[in-house]
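Next up: some structures, all given as structure tokens.
What follows is subunit A paired twice: with subunit B in the first complex and subunit C in the second.
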Partner chain A sequence: MARSGSGSPRQRLWFLTRLALIVLALIITLLPVYWMVNTSLKTQVEVFASPPTLYAQNPTFGNYVNLFVRRHLGVYLLNSLIIVGSAVLLSLVLGSLAAYFLARFAKGRMQQQLNFWVLAPRMIPPAALVVPVFLILQHFGLINKKLGLVLVYTAFNLPFVAWMMRSFFQEIPVDLEEAAMVDGSSRLRSFWDVVLPLAAPGLVATSIFSLIITFNEFFFALILTSTPEAATLPVGTASLIGKTQTLYGEMAAAGVVAAVPLVVFALLVQRHLVRGLTMGAVK
Partner chain B sequence: MSTPAKFIIQPRGSPPSRRGRLLPWALVAPTVLFVVAMTVFPLGYSMWTSLQEYPLGQPPAFVGLRNYQKLIHDVNFRSSLATTLLFTISATGVEFVLGLGLALLLKGEFSFQGIIRSSLMIPMVIAPVVVGIIWRLLYNADVGLFSFAVQELTGKSLSVLSSSMLALPALILVDVWEWTPFMFLLLLAGIQSLPQEPFEAARVDGASTWDIFRHLTMPMLRPVIVVALLIRSLDAFTVFDQVFVLTQGGPGTATEVATLMIYKSAFRFSQFGYAAAMAISLLILVMFFSAAVTRALRGSG
Partner chain C sequence: MKPRQMIRRQFLKDSLGVAAAAAVQSLSSCGGKRDSNPRRQITFGSYADPALDILKEVFLPEFERTIGIHTEWVEADFSSWLQKGLNDGQTKAGAFDIYVMDDLWVPRFAGAGYLANLDELGFQTDLDLVPSAIALGYWPPKTGLRQPGIGSNARSILYSLPLISDVQLLFYRNDVYRHGPPATWDEILRVARQKSDPARHQYGWVTRGVKGNPIVNSFFVFLHSLGGDIFGENWKVIFNSPRGVEALEFFLSLVAYAPPGVAEFDSDQEGATLLQGNAFAATMWTGWCPQTDDPTKSRVVGKINFDVPPKKVNQVAKLGLFMAGIAASAPHKTEALEFLKWFSSSATQIRFARSGGTPFRTSAFKDDEARKKSRWLDATLRALTIGVPSPRTSDWSKVEDILGTELNRALLERGRAKEHLDSAALETSAFLKSAGYPVG
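Then we have the complex of A and B:
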């Protein structure tokens, strides 16, 4: 694994120890996930087999079929796609404009003030906002409505998007826009024609990040939605736990459905993962 | 992006037009509006709510600081805070040590590094609700791999989540499994961005590996460590999803973390005022906590 597989006995011992530790870390990380996938493919009888079978003896997709046919998982999935898609799109458009402001116009003291105001919401415990947000949405009749959750998620995404995109915009030389403006292009036009295409990779990474965070969000979704009319996939999945009782196969299958798209997305933005997780504090 | 391109910026040298001067504010206004509407205003509203009582079937009544008075004497809230703190410190501490170890183990170049690092980050991107399901399956006394292993090793059947002694450690283990990758990724990025010259110089001077780690790596890594510990402990302090899915705070109140208690009191018992008072107290604690962590970690350098 390390480059030097040969060398002195001491080096070889270190190489083997390191190899063993890495393999151990991989097993601990992946075994629980594998166990969920494994369970989701078992029949109800095999789930309870003792000792547990390490791989499904008669793999079946019956659990998945049941989820979509009998338990409306498709509806929850669709709700999630609509809500998350709208919120991410909205926060991407508005947040990029704000980010452009932060990157190009905010200077000195104002910049520091804005840093605080963009980052502070990240520090607020969700529990400190949930009661008033619930009461406000209730006032406007937006409880258990997709729109309510879209507004909430957009607001929570915006600081993140503005912050991430700011760091991507700052990497683009100002000269390029100024050249376009000298040629008679307006500020917004040069933003659209020059800056945005150059920041496209950052835009993709940022949107996938917001997608992951929003798609996985549970606390507000649990409180603001309840029925299939608006409940998202995490809420639907959690409600299954009560309904399926000992149907562990179905529970596992629901987990797989909720996890797979996200793992794929995360692998796509792996290069930007650290920057995203720390809102640009570490690159 | 349907805004017509009408904001003309003057060439350099001449003063910008009125529209040119307004443009920056037009860019930032929607974001500010959203953040004010969904963060600043709710915070204020939360404080107002915390001064009220919501009796069933009647309009809310202003009660001053009575909710906070009740809170100070509330044994459940105090024990909930203690549970939350224990959870946060244990989980963050273990994650930091393991993450640092992994980062040191996996720094530098080696074969399969891409696939190994990607695999290690999987727990972190799975929805917390799904993480809850994964561990429900593992911990389950009838079908769980974890319980099966314990039973084979000790001969005893064990249902960790229904034991008031073991439920909290079990939740901490789940958090460690889910978030060690976060520490690992951050610290690895930090280690790899350190300049190479001091390390080469130290090695030429004959410093031992431990000396290099203690006196070079750790101090130079401090800013990254501050960020990593702060983000992780703040998130652990407000943990909810996994606890909701795995134990709902039980058995008894053994795992009733603060956010869960606020949730129950607001949305199961409709005590909005009391819940808001707890939430505001939590916010104040979090602010002190993050200020203290930042100062302690920055100051000791």
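Then we have the complex of A and C:
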């Protein structure tokens, strides 16, 4: 307030303009989220009311109860948490090691070639990959298994993690590692003790992006799973679209439920996230 | 600040450890080949729909208790389940024992050999099963056109059974039609002209207008009601005959009294318009009936009645049943057959009807207690007896796409019925010819 009240009229005008733009941006960003939460608390008759109601007239948690009691969304949620958590963790471990190699050891033509081939899988449309992936998993008996999806998601996340982390590692001076090695550290130890802590914000930013991509992935989950044994939350949510009716209230509630794990994770790591988003490949 | 950071870091570390342990524990048991659990069980694969809720929530648990066979219900949205079901059939993966199908899919699944022969498995039909409903389970069809490559002497085999009867009924407002259900389409048009009031969001008619299956289903009743059809002899396309054109023109004249944006309406919007009290009449699936009396879903509780669709030249209703067939690759065929026998028995069907479900046995439709509970059962049985299914061919969905696109265009333009039907007929004929049909 002190800043808004002080300064010349021109400065005040600039401040108010910025404030208005921020409020506008927040409205545009948060309105769909508000509408989702709002719809999740409405009865079906109110969901379709015309004109629509801005807030639930008779708020109810019925949609949430139905989701977990009648539609068994808890099973899908648990599957998602296990599959996505495992895949992201695995891709962060493997991807960081690959990124470290790309940042430190790949030079000249080899660097160009490796960079290209690491990224190449991301250039193939998923629809073109789904049949071969299906056949491979079928061969190993991994269709409709959590492990199958974990492996697929890890494979798809790896290029992204490697490219993201490569730029974070490149920003860390080599001198620091060399100093550690002069003091007797092995290469791996200096990577673990010196490089990784410095790249923690990058790891956090990368993990957030990986989580979002993987948690929301629908296509492969739909094709590679058939039963609640392995199906993920997006697949479970899609099953709320019926032959003749769509359960909009329950879909909105499922959207809220799906957003919670990501929001919680983002809150837990927000200290690193801000720094991670302003350095490396995403700066 | 310091202690708080320590707590958060510790929490993160602990969470990571617990998550990793849980993941390892969970993943260690989920790789490898199929479960060879000898427990008697059936896995259903289905599309989602609220009409299936009574079956899932009341009757499957009852089946488990009384027969001792465990059931698993796997569902996806309508088109995803079709894809999954076809994948399962094609790869013979055996992930499902019973496929729940739209009746349109029976030719596709049965024709491709993805369904087990129920006659061979020992299922016996009887005269109490509603004839138009059980007829949808046969392939090739017992009557009507047969796909190329299927001889006229080929025996019709029972591949699937009805699971839930679903047919298009006339839903009408009893406070608008005070003297009973409208007997003719002309009466619906007359009342729509007289009483529609867009300023008060009151419309004489509402329908589905989305291209593809929804608008074709809506138009289908008008086409047959005016004496038209989709195909004539030898698969000749005749939906653009003078009767077809008249049907579309009548459909468009009625749509003039429908809410704005009806060209983008699917079942949801159609049902919502009626249940919000904004329309006087619509032809909708039986599955919507229970919602009309539920105050959390309807603003016009008690004000909607049901009847068979009105007459123009003929009186017809469109069939759209939920069917169930045993997968050819099912690992538990015996148990699946036990379920079909149990569920289709007269005793279970009567209990199903009394619980609010829509049965497929005449005796269940006529049960007094069931009729009291579900006041639409009488109209549903009458609609089933005059019911017409979509043409029985595995290529129907392609035809539906072509015709549905042109119908939607006519709806958007509110005219040029003949041009659009001719265009659809030309494209349909070309497609059928390329697929090996004699086309007239």
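The definition used in the following text is that the second predicted complex is superposed on the first by the 218 of 283 C-alpha atoms of A that agree within 3 Å, B and C clash if a C-alpha of one lies under 4 Å from a C-alpha of the other, contacts with A are read in each partner's own complex, and residues count from 1 in each chain.
In this section, contacts are C-beta pairs under 8 Å (C-beta built on N, C-alpha and C of every residue); 3 or more make two chains touch, one makes a residue touch a chain.
Just so it is clear, the model here is predicted, and its values are computed rather than measured.
Touch criterion met: A:R70 reaches subunit C, while subunit B stays clear of it. Residue contacts after overlaying the shared chain place A:V45 against subunit C, while subunit B stays out of touching range.
In the overlay built on the shared chain, the residue A:L176 is in contact with neither subunit B nor subunit C. With both structures placed on the common chain, the touch criterion links A:A238 to subunit B and to subunit C. Once chain A of one complex is fitted onto chain A of the other, the partner contacts of A:Y100 are limited to subunit B, with no touch recorded for subunit C.
In the superposed model, A:F215 lies in contact with subunit B only, and not with subunit C. In the superposition on chain A, A:V130 makes contact with subunit B only, while subunit C stays out of contact range.
Judged by the touch definition given at the top, the superposed model places A:V204 against neither subunit B nor subunit C. Taking subunit B and subunit C in turn and counting the residues of subunit A each one touches, the greater count comes from B. Look at A:T154: by the touch rule set out above, it reaches subunit B but stays clear of subunit C.
Taken together, the two complexes place residues 48, 50, 222-223, 238, 241, 246, 248 of subunit A in contact with subunit B and also with subunit C.
On subunit A, the positions that touch subunit B within their shared complex are 1-3, 18, 21-22, 25-26, 28-33, 35-36, 39, 47-48, 50-52, 93-95, 97-98, 100-102, 104-105, 117-118, 121, 123-136, 151-152, 154-156, 158-159, 162, 178, 181-182, 185-189, 192, 212, 215-216, 218-219, 222-223, 234, 237-238, 241, 246, 248, 251-252, 254-255, 258-259, 262-263, 265-267, 270, 273-274, 277-278, 281-283. Listing the residues of subunit C that touch subunit A in their complex gives 5, 8, 11-12, 15-16, 19-20, 22-23, 26-27, 30-34, 43, 45, 47-51, 53, 57, 72, 74-78, 80, 83-84, 87-88, 91, 93, 95-96, 102, 201, 267-268, 271-272, 275-276, 278, 285, 287-288, 291, 295-299, 322.
Chain contact summary for the complex, subunit A toward subunit C: residues 43-45, 48-50, 62, 70, 81-82, 85-86, 89, 138, 141-148, 150, 222-223, 226-230, 235, 238-248, 268-269, 271. Interface residues of subunit B, counted against subunit A in their complex, comprise 1, 3, 5-9, 11-12, 20, 23-24, 27-28, 30-32, 34-35, 37-39, 41-43, 45-46, 49, 102, 105-106, 108-112, 116-130, 132-138, 140, 142-143, 145, 148, 177, 181-182, 185-186, 189-190, 193, 224, 227-228, 231, 234, 237-238, 240-241, 244-245, 258-259, 262-263, 266-267, 272, 275-276, 278-280, 282-283, 286-287, 290.
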